[in-house]
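What follows is a pair of complexes built around chain A, which joins chain B in one and chain C in the other.
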Partner chain A sequence: MQKKILKQFIEFGIARSIIVLFVIVLFILAILKDMQIAELISDSLARIGRNGILVLALLPGVRGGIGLNFGLPLGIICGLIGMLVGMEFDWTGLSGFVSALSIAGGLGVLAGWGYGVLLNKVKGQEMMVGTYVGFSIVSFMCLLWLLLPFSNPKLIWALGGKGLRVTISLADYYPKILDDFLSFSIFNVTIPFGSLLFFVLFCFFVSLFFRSRWGRAIAATGANAQFAKANGINPNQTRVWSAVLSTVLAAIGIVVYNQSFGFVQLYTAPLLMAFPIIACLLIGGAEVGRATITHVILGTVIFQTLLTIALPVTSAFIGGDISETARIIISNGIILYALAGVKGKTA
Partner chain B sequence: MRLFPKKFSVRDLAVPLLFVLLCLVGVVYSGQPASFLINAIVERLGRNSFLVISLIIPIIAGIGLNFSIVLGAMAAQIALIFTIDWGFSGIGGLGFAFLLSVLPATVFGFLIGKLFNRAKGREMVTGLITGFFSNGIYQLIFLFGAGAVFPILNADSLLPRGVDENGVARFFGLRNTIDLSAVQYALDDLIALPRPQGIVIPYGTFLVIALACLFVWYFRKTKLGQEMKAMGHDQHVAEVAGINVNRNRIVATIISTVMAAWGQIIFLQNIGTINTYNSHEQVGMFAIAALLVSGASVSKASVWNALFGTFLFHTLFITSPLAGNQLFGEAQLGEYFRVFVAYGVIAVALALHAWKGKKN
Partner chain C sequence: MSLVLELKNISKSYNGNPVLKGISFALQKGEVRAVIGENGAGKSTLMNIIFGMPVIHQSGGFEGECLIDGHVVNFQKPQHAMAAGLGMVHQEFMLIPGLKVSENIKLNREPLSSKSFNRFLPGKLKVIDNEQIHKDSLKALQKVGMDLDPDQLIKGLSVGHLQFIEIAREVDHQNLKVLVFDEPTAVLTESEASQLLNTIRHLAKDLGIAVLFISHRLDEVKEIADTVTVLRDGELIGNYRCEDLDKKEMARLMVGRAVNIRRDQEQESPNARQNIMTLKNFSVRMPGENLQDIDLEIKQGEILGIGGLAGQGKLGLANGIAGLMPASGNVIFEGQAFSLNDPKQALQNGLGFLSEDRKQTGLLLDESITHNICFTASHVLGRFQNRFGLFDQKQGKEWAQKMIKDFDIRCTGPEQHTRRLSGGNQQKVCLARVITANPKLLFVSEPTRGVDIGAKKIILDFLRSLNQQGVTVVLTSSELSELRVLCDRIAIVASGKISEILLPEDSDERFGLAMAA
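After this line comes the complex of A and B, so read on.
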């Protein structure tokens, strides 16, 4: 038993252990400083529900053999368009939210399909090509956000009557529609029940999917493309499916993110979004070629808790805001750690 | 030196031709007199060429586009920050910065080279993330360490951070901008020659760029250069032939990082200020985009690519906001356009390279 725990710990890796330790230390410091622990936990939970599906969106990519999907902004853009279309026509409340999800999902299928076909042409360089496809699409959309004929005054600049705003409030549409669904408080901790439920449901659906014939075909390609081919699976096709699934989940993920956040952020906001999300998955214990639902949940919980409590705790101890710097170091450090293939040696 | 490659293929020419066209549109619709444009382009050639040239040697060695030249730029800024803080100025001060930057740049280059050897086949994405990661470390050192962990002589360059328990004002962390007027134009104006038609030509900088070009050209002919060329062709064959591939890859990365540091010093002495936390961030992206628009690829690039690409890219860079303003009444549109072009050209080049690599 002890050996097993030790083995699990070593597999978890030194870098990840340090991060978990860091979270624990931050909590102890917060208690020592008499900070509002309940509030910190509430905020952490809100952020977990907000980011969960975006992290989950990486899973099909890793399972299907296209690696860490650095092209996540592609799906995010689909989600943003889905939201903006409904908002243009003043669709509010549940209907607005559902319409946003459906348009986002539909666009995600199309974009993901194209993206998957492209990734098939650039095997071995998916991560780099994905990164720059993401960067290109975000910067291209910067042009479109200015040019597209949106006319709802809540969305466009007050002056000039042209071009979408950088940040659009969801206050009149569906703010926290999931977060507030059946939410309750316990020991002063607010539980954003709807968002967490939505996240868990999606995790459940995805794990169910990977148990189906279809999902198994995708995972088989990811594990060994030659073997999959020998079993009558077309690896190119399953890779496209995993790209589609990843993009659709990212599109849905950003809609969930924004309803909780309360704002739609356009222009350069999605540019670097993929990196902290990827860091989440890796902190959970995933590797470039291997990821599970447990990694998704664990990673989201650890990293989002860290990000939430780092700011108030560190600014209570150090004058400046060191948490943004810590975020950059940790999220990119963990990606680098994974890319360089540093792994704990199994005993 | 061969001015043009032996064989032209449509693919090699498509990107530069498209860019020449875009630049022409930009120049025509910018609504600016030729003298303004020529001055701006000459200035930017001086400012940026050296950085772009720093990318060539890793390409020859088969490492690909070195996205981590950002670390070279950081080394340059570290050197300049201390040069200014210790009160050096003029060309002597700049020379001191050049020398000082070699130390951190060599260390960084060595570490990146080691890292690249661990991440063979994904050097580019690793380099990109290394840039982001080091940016965090750099912030930690200068935003929180400066004045607290290590001394900064000039108290004016530190940020006020409220008061401590005893009511004494605290200062630590460097301010967002550092004035470089002590060394501004020190290299650009080193050689005083006439200015034809009032065009400000940075003769000193151009001389240094010419030397860098000669160095790269000569380097290819040395034994080490030949070995790297063989590695670029086929790493495994090179290894079998007894070339110490891993060591040479580290050497190539060190040379590139040191050159990038010098390039950034040249860039900053022209600009005249350091944005302490931003000046280095975009260095990799713009240098790489500039190199690629000339038709260079992940595995093939020459000095001419670097110079021609810098010329094209910066022509577009200068004219696109102006043209955006003239054509659409919106300068912002042109600014977004040029960023899109930079990212787009890198995406296309990477995709084409991976595509071609797969076919072979």
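After this line comes the complex of A and C, so read on.
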């Protein structure tokens, strides 16, 4: 039994243990400074529910052998379009939210399919090409956001301008529709029940999917494409599926994210979204070639909690706002660390 | 005589499972010592310890002492072991396909040009002497008895050649004292293997290099070794002089009981039966193993052997039918046209394939034994699935347990990942996976490669009993003796054609001629 615990600790990894320790220290500091612990925990929970599905969206890519999906912005854009279409027609509340999810999912299938076909042409360089795809689609959409024929005054620039606004409030549509669903408070901690439930449900479905024949074919391709081929699987096909799945989940993920956040952010906002999301998964213990649902959940919890409490605690001590810089340093540092780790092993 | 390598009481465990318990022996200059034992007995682990391979340190090091020239050593990296005069010819080739033969041989030890400007260049930027590379590698190739152009690219050479280049690379070390071979002949044909044995003898007797030699082929051990170390389940059974043991005795020491591989006598003539598969103008494009326009009939219920030298095309047949290598021609299976280049269709029609390349094609290394064994049946036939179409863990595990028992797979349980298994046990997992899908026509390539003599008997007996249950078997093997033990007819492939179809009782000369055709 003890051996098992020790083994699990080793598997948990030194880097991750340090980060968890750091989070605990931050909590203790927060208590010492008499800060609102309940509020910090509520914020952390809200962020976990908000980001969870986006992190989950990386899983099919890693399992299917296309690596960390740096092309996440592609799915995010699909999600944004899904939301905007419904908002243009003033679909609000549940119907607005559901229509956003469905349009997002549908677009995600199309975009993911094209993306997968592209990735098949650049085997071995998926992550780099994915990054370029992400950047290109965001720049391209910067143009389209200006040109698309949206006319709802809540969406376009005031004073008769043309084009969509940079930030659009969801206040009249479905703000926190999931966060507030069956949400409750204990010890002053607000539990965003709907969002967490949604996240857990999706994790459950994805893990079931990977126990199905289809999912196992995808995972086998990622693990050993030659093996997959010998077992009658077409590796090019399964790689496309994993790209589709990842893109669809990203599209759904951003809808969930935005309802909780309360705003839709356009233009360059999706550009850098992939990086902190990827950091989440890696902090959870995933590697470029291996990721599990546990990694997804653990990583989201650790990283989002860290981000939430690091800001107020450090600014309470240092007296300045270093949050954004810290976030960028931490997330990109983790990605670099993980990628370097991979190189180290194969060399 | 002087001792070059001495092991004292070496013990090692992985995650608390002991795999070596108190192994000791000493190796003298010019001595050839064979290390034999069943699959999973700990032979490779012992070599990894001597060599300081990273797996050993990552899993908590080892106990006991390893001495070289009388000094205790504990290499942290293989590079240190090489610097101290150890060389290892790995089971998996570590050559760079895009480089020339000579560049591979001299990799990391390139001689520097003696031109004067070279003195002024900083270390890593010094210019290399290409002529010297050419000369040195030619010398090394001659030492191992290979007649090969050092300027040729590695890409496209046969496995046999690669093996010799790998050895030449080690021999090129100036101060080479001990050379370790981990199953060097497993991938070679018999004639190549005997050339290798000559080379080893030359290295030991004429150059005074001490050799550690791991092999499951006891004939070779008998032929080449001076001394024999026998391991069983990680324990040292004993160190013997080779002339004191005969082959039977060796097998008995390894396995703990007597083993005999013999041909059953009653055989019926296969010609009376109808064809299960007919090939016409069948060609396969497989690098190094091309087949051109062959015609072949596979009879219902027979065991057909495919033999021949490496690089002649015998591996192309199974890979072509399996759809893993581009194939063309006219194939009829059970009276119907068979669609080529479609692995899924082939499997669904009831064909089974055991690839000769277990690591690349045969295994999911980071999945459990259960998942590996059930994969083909579950994916192609939809077995091991519960009502919701999900993989049924319980059913799969039960089946895996049965297979582990039937094939005597040495493991910690069905949950163990196949990466952690010894080579021979990985092979058994592959075979278990293939037969789990209940094929009607089974293509097996090199099924006993790297498998110990006890397990070899299990596998061969198993193939025979499958055959008695009505499965047609096409066995591709580089071991003629194995083909003769099992097959009804043996087709010999030479230069991409079938040169002759022989019977197992035909003379060695006829087989030799057919192979050389």
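Quick note on the criterion: the second predicted complex is superposed on the first by the 325 of 347 C-alpha atoms of A that agree within 3 Å, B and C clash if a C-alpha of one lies under 4 Å from a C-alpha of the other, contacts with A are read in each partner's own complex, and residues count from 1 in each chain.
Everything below uses one rule, namely that a residue touches a chain if its C-beta (ideal position, glycine included) is under 8 Å from a C-beta of that chain, and two chains touch if they have at least 3 such contacts.
As the structure is a prediction and not an experimental result, all values here were calculated from the model.
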| said: Per the contact definition in the header, classify A:R211: touching chain B only (first), chain C only (second), both, or neither. | reply: second
| task | Name the contact category of A:G124: first (chain B only), second (chain C only), both, or neither. | result | first
| task | Have a look and say if chain B or chain C is in touch with more residues of chain A. | result | B
| After lining up the shared chain so the two structures overlap, which partner does A:F227 touch, if you call chain B first and chain C second: first, second, both or neither? | second
| message | Let me test your reading of the model: by the given contact rule, A:I31 touches which partner, first (chain B), second (chain C), both or neither? | response | neither
| Between chain B (first) and chain C (second), which, if any, makes contact with A:R290: first, second, both or neither? | second
| said: Once chain A of both complexes is superposed, is A:I18 in touch with chain B (first), chain C (second), both, or neither? | reply: neither
| request: Go through chain A and flag every residue that touches chain B in one model and chain C in the other. | output: none
| Complex contact set, residues of chain A against chain C | 3, 7, 208, 211-213, 216-217, 220, 223-224, 226-227, 229-234, 290
| Of all residues in chain B, which touch chain A in the complex? | 115, 118-119, 121-122, 124-126, 128-130, 132-133, 135-137, 139-140, 143-144, 159, 161-162, 170, 172-173, 330, 332-333, 336-337, 339-340, 342-344, 346-347, 350-351, 353-355, 357-358
| Footprint of chain A on chain C - complex, ascending | 15-16, 322, 324, 343-348, 353, 355, 360-367, 375-376, 378-380, 382, 385, 388-391
| query | Which bits of chain A are touching chain B when the two form their complex? | reply | 70, 118, 121-125, 127-129, 131-133, 135-136, 138-140, 142-143, 146-147, 163, 275, 318-320, 322, 325-329, 332-333, 335-336, 339-342
